[in-house]
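What follows is a set of structures for review.
In the two assemblies presented below, chain A is common to both, partnered first by chain B and then by chain C.
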Partner chain A sequence: MSSPFEDVLATLIRQRGVLGCIVVGESDGIVVDANVQVGVAEAVVAALAAALFRRARLSSQSAGLGRVTFLQLEAEKGHVCAVGREGLVLVTLAEPRAHIGLIRGAMLQSVEALT
Partner chain B sequence: MSDEIRRLSDELARDPSSLVFLQLGEALRKAGQLDLALKVATRGLERHSHDADAHDLLARICVDRGELEQAFDEWDMVLRLAPNHVGAQKGMGYVLFKQGRLEEAETHLSGAASGDRTDPSISTALRMVRRLLRYARLAGNGSEPGPEELAAAQRRIEEEAHYLFADILGDSEQTALLLNSDGLVTAGTYVTPEGTDVSQEVGAQLSGVRDDAQRTVRHLDLGAWKTVLYETDIAIVALAPALDEALVVVAASHDVPLGFVRRVLDRCVKRATMWLSEVG
Partner chain C sequence: MRTHAAEPWVEAPLQRFVDDARVLFALLLHPSGQVLGQFGFTRAVDVMAACALAAGIHASAGQLGRELDGQPFRELYHAGRDRQIFIGEVRTARESFIFLTAFGDESSLGLVRVFFAEMSTRLAQVVPPKADGPPLAAASLERDLARSLAALFGRAPTPPDGGAAPASSPS
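Right after this comes the complex of A and B.
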């Protein structure tokens, strides 16, 4: 059975340095659909990224800074990016060499698909 | 009553000579039930009068009750029983700092820092005391600083902290905060367009993001986190770690380019690190 997110995930996974991309429920951290390379623990990435996005969204709202549209966590060994809409979060896990500008653009274009 | 407190109470009731009163007293203290915590600690001390941790517990309860003299006496007892007790050294440093006895506070906090290099609250407090001491001595032209010099030093620190990032931010629609490991504002300011200072509120809200970032990198084996940057429909918020688990937060208008916000964040982190470490 094909998922409505298949095309979005297929576009993202082709970006340089992307190790995996996942659609996840923001409140429960459960994977809705995923396209990841071998070895990527999609359930763990999904749960953690959803929690981080949720925290940023709630913190931002409480601080009066508006609705979060794009989030990026940069670490020594990689990046986690997320966009969210209507209770779903699109997450990308990428290597340090990844081109975040391109990934960001692709994710923001894909956010419409999160319904 | 929480399940944890109920469980510990039952355990203590089953074995009144048990040391579980330490956990129960601490749980009650954290829950703000100070009278009950005091009762538990005092009864425990009747059975374990030579237990350093029991005196330490009582001292912390006294601090929460605003009884600094009693807390000092209890920590003094702890240090007689266990001369290297980190909690007591930290506590004594706190009480002495509150009493304006900065040199003695520094001695105790240095001892605590040597005993536990992983507690950022100790090193943060030590830096604060050293900075105050330095400025108070300067204000007193080398003579022993008195209350006036301490007040002048305090004012100087507040001013420095307030304007720490001012030249980096300029007049643009950006703001920056330095938060300590507890999410409290150490430097910088966040003022709304209406002129209200909401630094503490914003700092408290945003510091929670750090905990999730740390958890994420730990579980995904991504190494240390460098930045969390998120865009909202009205702002760009960027966070990065600094010395002693401090956190630098930069917020800018959504119209400011992302790359520029990053550069501002980098400069603010450098400034904060320099400021925090200049009194090592």
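Right after this comes the complex of A and C.
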């Protein structure tokens, strides 16, 4: 069964160094749709990334900084990027060699599809 | 706030779950309704009620699953207005246990499921072998229930000669 996020996920997964991309509910942390490489624990990544995005959004609001447009977590072995809209979060998991600028651009374009 | 366990092997995995998932209440129990560990409850009567309800819900859901799907449902979730409840089955080599947790906005169903799976694995690793003993009877069940609650709430266990068990603490 196809989902409305299939094209968005297909576009992102084609970016160099992307290990997976997931659409997840921000409040429940449950996967809505995903396109991930073998070995990526999508349910775990999705739940934790959604919680992270939610905290960041609440922190940003509390600090008077407005809505979070793009969240990037840089780690030893890769990156977690997230954008959100209408209670959904688009999460991308990428290797260190990935071009984050391109991924960021693609994600910000794709965020319109999260409705 | 710390977890309280009637059996020591329960405490570390349960505490880890509570710390990671940021839940409001957590309860691990035997399918008979006997409590093994808890977090967040302050009154023995609430633990008793939650254990009885969780055991009943789990048994009903299990049978419903068998009727509908040929196998018991192992997880159950209900979303309330402010709080949500998750009930799951912890399977170990010794036997299965029931886990009930309630959580609010600090957590999410996805997080609870992730950390529940981790806790189940940890419990399965540390569960001691089942002690040989007489078959479960009504009298011994009641005695064990009273002993578990006494261990959780720091009271002296009920004497085995049938003395009345303190069922609740003052509200």
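Keep in mind that, in the parts below, the second predicted complex is superposed on the first by the 115 of 115 C-alpha atoms of A that agree within 3 Å, B and C clash if a C-alpha of one lies under 4 Å from a C-alpha of the other, contacts with A are read in each partner's own complex, and residues count from 1 in each chain.
Convention: contacts are C-beta pairs under 8 Å (C-beta built on N, C-alpha and C of every residue); 3 or more make two chains touch, one makes a residue touch a chain.
In this text, all values refer to a predicted model and were calculated from it rather than measured experimentally.
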item: First, second, both or neither for A:A51, with chain B first and chain C second; value: both
item: Touched partner set for A:D28, first chain B, second chain C, both or neither; value: second
item: Comparison of chain B and chain C by chain A residues contacted; value: B
item: First (chain B), second (chain C), both or neither touched by A:L73; value: first
item: Contacts of A:V91 with chain B and chain C, given as first, second, both or neither; value: neither
item: Touching partner for A:V18 - first (chain B), second (chain C), both, neither; value: neither
item: Contacts of A:A43 with chain B and chain C, given as first, second, both or neither; value: second
item: Touched partner set for A:I103, first chain B, second chain C, both or neither; value: neither
item: Touched partner set for A:A63, first chain B, second chain C, both or neither; value: first
item: Residues on chain A lying within both footprints (that of chain B and that of chain C); value: 44, 48, 51
item: Residues of chain A touching chain B in the complex; value: 44-45, 48-49, 51-52, 55-56, 59-60, 62-78, 80, 93
item: Chain C residues within the chain A interface of the complex; value: 107-111, 113-114
item: Chain C-facing residues of chain A, complex; value: 24-25, 27-31, 43-44, 46-48, 50-51, 54
item: Chain B to chain A touching residues, read off their complex; value: 192, 198, 201-202, 205-206, 208-209, 211-213, 215-217, 219-235, 237, 251
